[in-house]
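Take a look at the structures below.
The following pair of complexes shares a single chain, chain A, combined with chain B in the former and chain C in the latter.
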Partner chain A sequence: MSLLEVRDLRTHFFTRAGVVKAVEGVSFSLAKGEILGLVGESGSGKSVTGFSLIGLVDPPGRIAGGSIRFEGRELVGLPAQEMRALRGKRIAMVFQDPAATLNPVLSIGQQMALAVRAHGRASEAAARDLAARTLTRVGIPDAAARLDAYPHEFSGGMRQRVAIATALLHGPDLIIADEPTTALDVSIQAQILAEMKSLAKETGTALVWISHDLATVSSLADRVLVMYAGRIVEAGAVGETLRAPRHPYTRGLLDSLPAMARPGEKLNQIPGTTPSLLSLPPGCPFAPRCPRADATCATDPPDVVTAGRLVRCHHPLEAS
Partner chain B sequence: MILQAEGVTKRFSPRLSIGDRIAGALGAKVDRRAVHAVTDVSLSVTAGETLGLVGESGCGKSTLGRMLAGIMPPTEGRVMVAGAAPMKGRHKATTRIQTVFQDPFASLNPRMRIGDSIAEGPVTHGLTTRAEAPRMVAEWLARVGLDPAFATRFPHQFSGGQRQRVAIARALAMQPDVLVCDEPVASLDVSIQAQILNLFLDLRRDLGLTCLFISHDLSVVRHVSDRVAIMYLGRIVEAGSAAKVYASPRHPYTQGLLDSVPKLRLSIDDVANFKPIAGELPSPLSPPSGCAFHPRCPKATALCRAERPALTARDDGTLVACHRA
Partner chain C sequence: MLGFIIQRLLQAGLVMLAMSALVFLGVYAIGNPIDVLISPDATQDIRAAAIRSFGLDLPLWQQYLAFLGRLLSGDFGRSFVFGTPVIDLVLARLPATLELALASVLIGAFIGIPLGIYAGYKPESPAARGIMAVSVLGFSVPTFWVGLILILFFAVHLDWLPAGNRGPTAEFLGVQWSFLTREGLTFLILPALNLSLFKLAMMIRLARAGTREVMLTDTVKFARAAGLSELTILRRHVLRLISIPLVTVFGLEFGSTLAFAVVTETIFSWPGVGKLIIDSITSLDRPVMVAYLVLVAFLFVTINLVVDLSYALLDPRLRRGGRAS
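Let's look at the complex of A and B:
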């Protein structure tokens, strides 16, 4: 049985301007220890998908339909108290901006101890000890001595390590990481990626890695989901999907990367901009920007799965 | 040489409060250390060339860009733009160099119609008349791929990519010889980033622009630059033709930086190998002795700890500041 089964997830925001369907019919599953990359541009619904998994969608948003099964247990509609018992213990989250997630007026040791005690009794000494050991695991030198430091005394990379250590405290089965290295410098990002990869391998923790950066996802994840306007447009094994993408949007994203072109040559850009979620075109939301679109694209494209690759397109590119 | 910097240094000294000054006078310990943002940087850019300036946050690349653009005077050293100093005293004194900033939401006045934002500079400097301005604005909007009818709109009515197009139009309407681009695509989505990079390449070719392109993104810099300069803690550690530096970096920091960039892994056999640089950036308040990179450098020796290596030319023309390269 897979660790996580998401079926037809729909998360909508009921705003004054209308219903924003941020996530519309997303389905995927995740095995124990697997790393799943969730890729898309702003407004694609990748972050809202992550927030939905851990039950952190705030009004005016709510999960409007679908199912999220975690080890067979339905999370949609779970009472807040039961969700709270899971959150931080079995499912943890790492956010983009560690400066915003850490409490500035508590020392690192104090806030990590709070997280330890949120899920069971522990003496002050035991909580500090667990915090220090976890900090050491994420590569913070001399961790015991740094427990009394405050977040502002840490660099951005170190703060993100603290946030990751806090997520690891209870040995969760699933960590959702929302753009955790986007705010960091390349050399620090590489350190964190290397550590996350080995931690996931060591502990068997499954990871949902949300990112706009295809290169980061390709070097970390086992499988990738590409999202556009709230839907999954393509999903498959990461290497294959990026080597031979079948959805025109995935192809377009890859062609937009300077690394894929010869220096100084024009990039094969996608025309136009992402559509407003309030006024999506009928059928395939990518059709207005798609070079392969025709009249059939005004109807919803089917989900086609071939050899483990899901493509949602009327006119997919040839499989190679 | 259309753009030149000679021994440019920028230090930011702390502005002491009256309380601190009194405390200092009475013998208390007051932190007077200055931030060494840029130290002794010399570079030159020839007409039509694009120089990429790369480095991580806090390396001084934006400060250097601002000094070159005449926005900020250097503490020491000299900047020349088209044969003249870009500043008189504390004020910008040239229109020959213009800047495109990272965040077009912050750099465009939210209360001004974008047509007025674009026209303001050229009208003030007599490059066009008030009567001619609307035609000039329409021309520039069309040139950056926007509908000329947008001139009467306000910045909030545009998406991030469109705002960056407006910012480019505003800079180019001043008919500069040199354009400084400070992280112009860093806050844009991948597909929009590609559109802006394409626009930039087109305009550069059509107008024969000289550019200083500042970015932390190594692949973007490689794409647009003829030459690159890598900065670390306020100094240039390596500079040369983009093709040579990327293909065979010599400075251990450049090597580490290029190894740190996640590569697109296109098959399962293509194992991702992270070779991160150990440690973190030192504080620019108290830079390390000798070579500033030595605490993180795998090749550092006693010489590196004691003596700062000079930036010297190697046989292929690349400039490197390293004892071991």
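Let's look at the complex of A and C:
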């Protein structure tokens, strides 16, 4: 049985201007210990998907339909208390900016002790001990002594390690990582990536890695989901999908990477901008920006599944 | 830290010096105390003798310097009216005002902050709207009117609480306090409630605004993602994050209540310094006015210093000379 089964997830924001369908019919599954990359531009619904999994969609948003099964248990519509018992214990989350996530006026030890005690009684000493051991695991030297330090006394990379350690405290089965390296220096990014990967493999923790950075995802993930306007447009094993993308959008994302371009050549951008989720065109939402679009694209694109890969397109690129 | 405290103490000294000069000048301009103190049909000799005995025949700057000189040796002078040392007069009244002010600020904080946090946590709920309506009332209804209504209702109509005066007191550290006796406490309740209404409204607004802001931050989201209960998040994360403006206003309100609780003290016949200053103004009792206002300046400076020091306690980023990132 897979760890996580998401079926037709729809998370909508009921704003005054109308219903924003931030996530519209997303389905995927995740095996124990698997690392899944969730890729897309800003506003593609990748973060909202992450928050839906952990039950933290802010109002006016809510899960409007679909199913999230975690170890066979339905999370959509789960009472708040039961959802809270899962959060931090079985499903944890790490955010983008560690400077904003850690509380500046509480010491690292105090914050981690709160997270320890959120799931059962623990003595002061036991909570500190668990915190120190977890900090050591994420590569913070002299952790026991640093428990009394405050977030501003750590560097950005160290802060993110503290946040990751907080997520790891109870040995969760699933960690949702929402762009956790975006706010860090490139050299630190690589370190954190390598550490996250080895921690996940070592503990058997599954990882949903949300990122707009294809390079990060390609070095980390086992599988990748590409999202556009709240939908999955392409999914597959990370190597194949990024080497030979079949959806024109994935192709466009890859072409706009500087690393893919030849020196001196202009970068290939995807023309236009992400559409407003309030006024999506009928059919394929990417059609207005797509070089391969024609009249058929005004109808909903089919899911084309071949050899474990999914592409949602009327005119997919040929698999090479 | 020590350098900071020394610097603040020097500033405090300057503020009080300037305050004393301003007050001295201002009070001098109000009128001649002799006109009030001596009956109009006194002979010229008696007048001259009285003027000389109060030191009012000297030029203003000499009077001021003499006052300063005495002040440095801890002598605030004698009241023109009572003939007793001013410092005794003020210190006899100060504890009454001190406990009244403290009680009202504490009521405001202990009721206002939780209500404000709740109103910020669930801003759309009917309870939050009710709380905000109370805070609008607290701001806009005049103190004296609320005081009279409180007396009418609790003292006259229900006869639960005394309508005025201070009631019995007990001695602690050589000073008389009401809150130490059970009956004294009943005398304290109504005036303290009356004074606390404005503070309550202020604390509600501040706590609500802070909470609304903090609830949207990633800190709260991250705490939720770690599985913390909402109550723990509010008590341990939010309260700490919004505490700096609350402490600031707490200090300022405490100071201004100490100095200007006049209306409430008058309505409830509370024998505090507010009543003393009003009486001294009507009788142009210059030493009392000057001593009182210098004391008020001293209290404000002290309270501000304590507030500044407590910032460092509340926010680690402000410690060690502000080595913030």
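Assume the second predicted complex is superposed on the first by the 320 of 320 C-alpha atoms of A that agree within 3 Å, B and C clash if a C-alpha of one lies under 4 Å from a C-alpha of the other, contacts with A are read in each partner's own complex, and residues count from 1 in each chain.
Just so it is clear, contacts are C-beta pairs under 8 Å (C-beta built on N, C-alpha and C of every residue); 3 or more make two chains touch, one makes a residue touch a chain.
Note that the coordinates shown come from a computational prediction; the quantities given were computed from them, not determined experimentally.
Considered on the superposed chain A, chain B and chain C are sterically compatible, since they fit side by side.
In the superposition on chain A, A:L278 makes contact with neither chain B nor chain C.
Legend: residue contacts after superposition of the two complexes on their common chain; A:V19 is shown touching neither chain B nor chain C.
When the shared chain is aligned, chain B comes close enough to touch A:L220, but chain C does not. Of the two partner chains, chain C is the only one that A:R84 touches; chain B does not reach it. Of the two partner chains, neither chain B nor chain C is touched by A:V305. Judged by the number of chain A residues each one touches, B leads among chain B and chain C.
Contact with chain B, but none with chain C, is seen for A:V238 once the two complexes are overlaid on the shared chain. When the shared chain is aligned, chain C comes close enough to touch A:A100, but chain B does not. Aligning both complexes on chain A leaves chain B and chain C separated at their closest CA atoms by 5 Å.
Residue overlap on chain A between the chain B contacts of one complex and the chain C contacts of the other is empty. Chain B contributes residues 56-57, 159, 161-162, 189-195, 197-198, 201-202, 216, 218-220, 222-225, 242-243, 256-257, 259-268, 270, 272, 274-278, 280-281 to its touches with chain A in the complex. By the touch rule above, chain C contacts chain A in their complex via residues 217-219, 221-229, 232, 236-237, 240-241, 243, 314-317, 323-325. Considering their complex, residues 54, 56, 84-89, 92-93, 95-97, 100-107, 110, 114-115, 118-119, 150, 152, 163, 166-167, 169 of chain A touch chain C. Those residues of chain A whose C-beta lies close enough to touch chain B in the complex are 41-42, 155, 157-158, 185-191, 193-194, 197, 212-216, 218-220, 237-240, 242-243, 252-261, 263-264, 266-271, 273-274.
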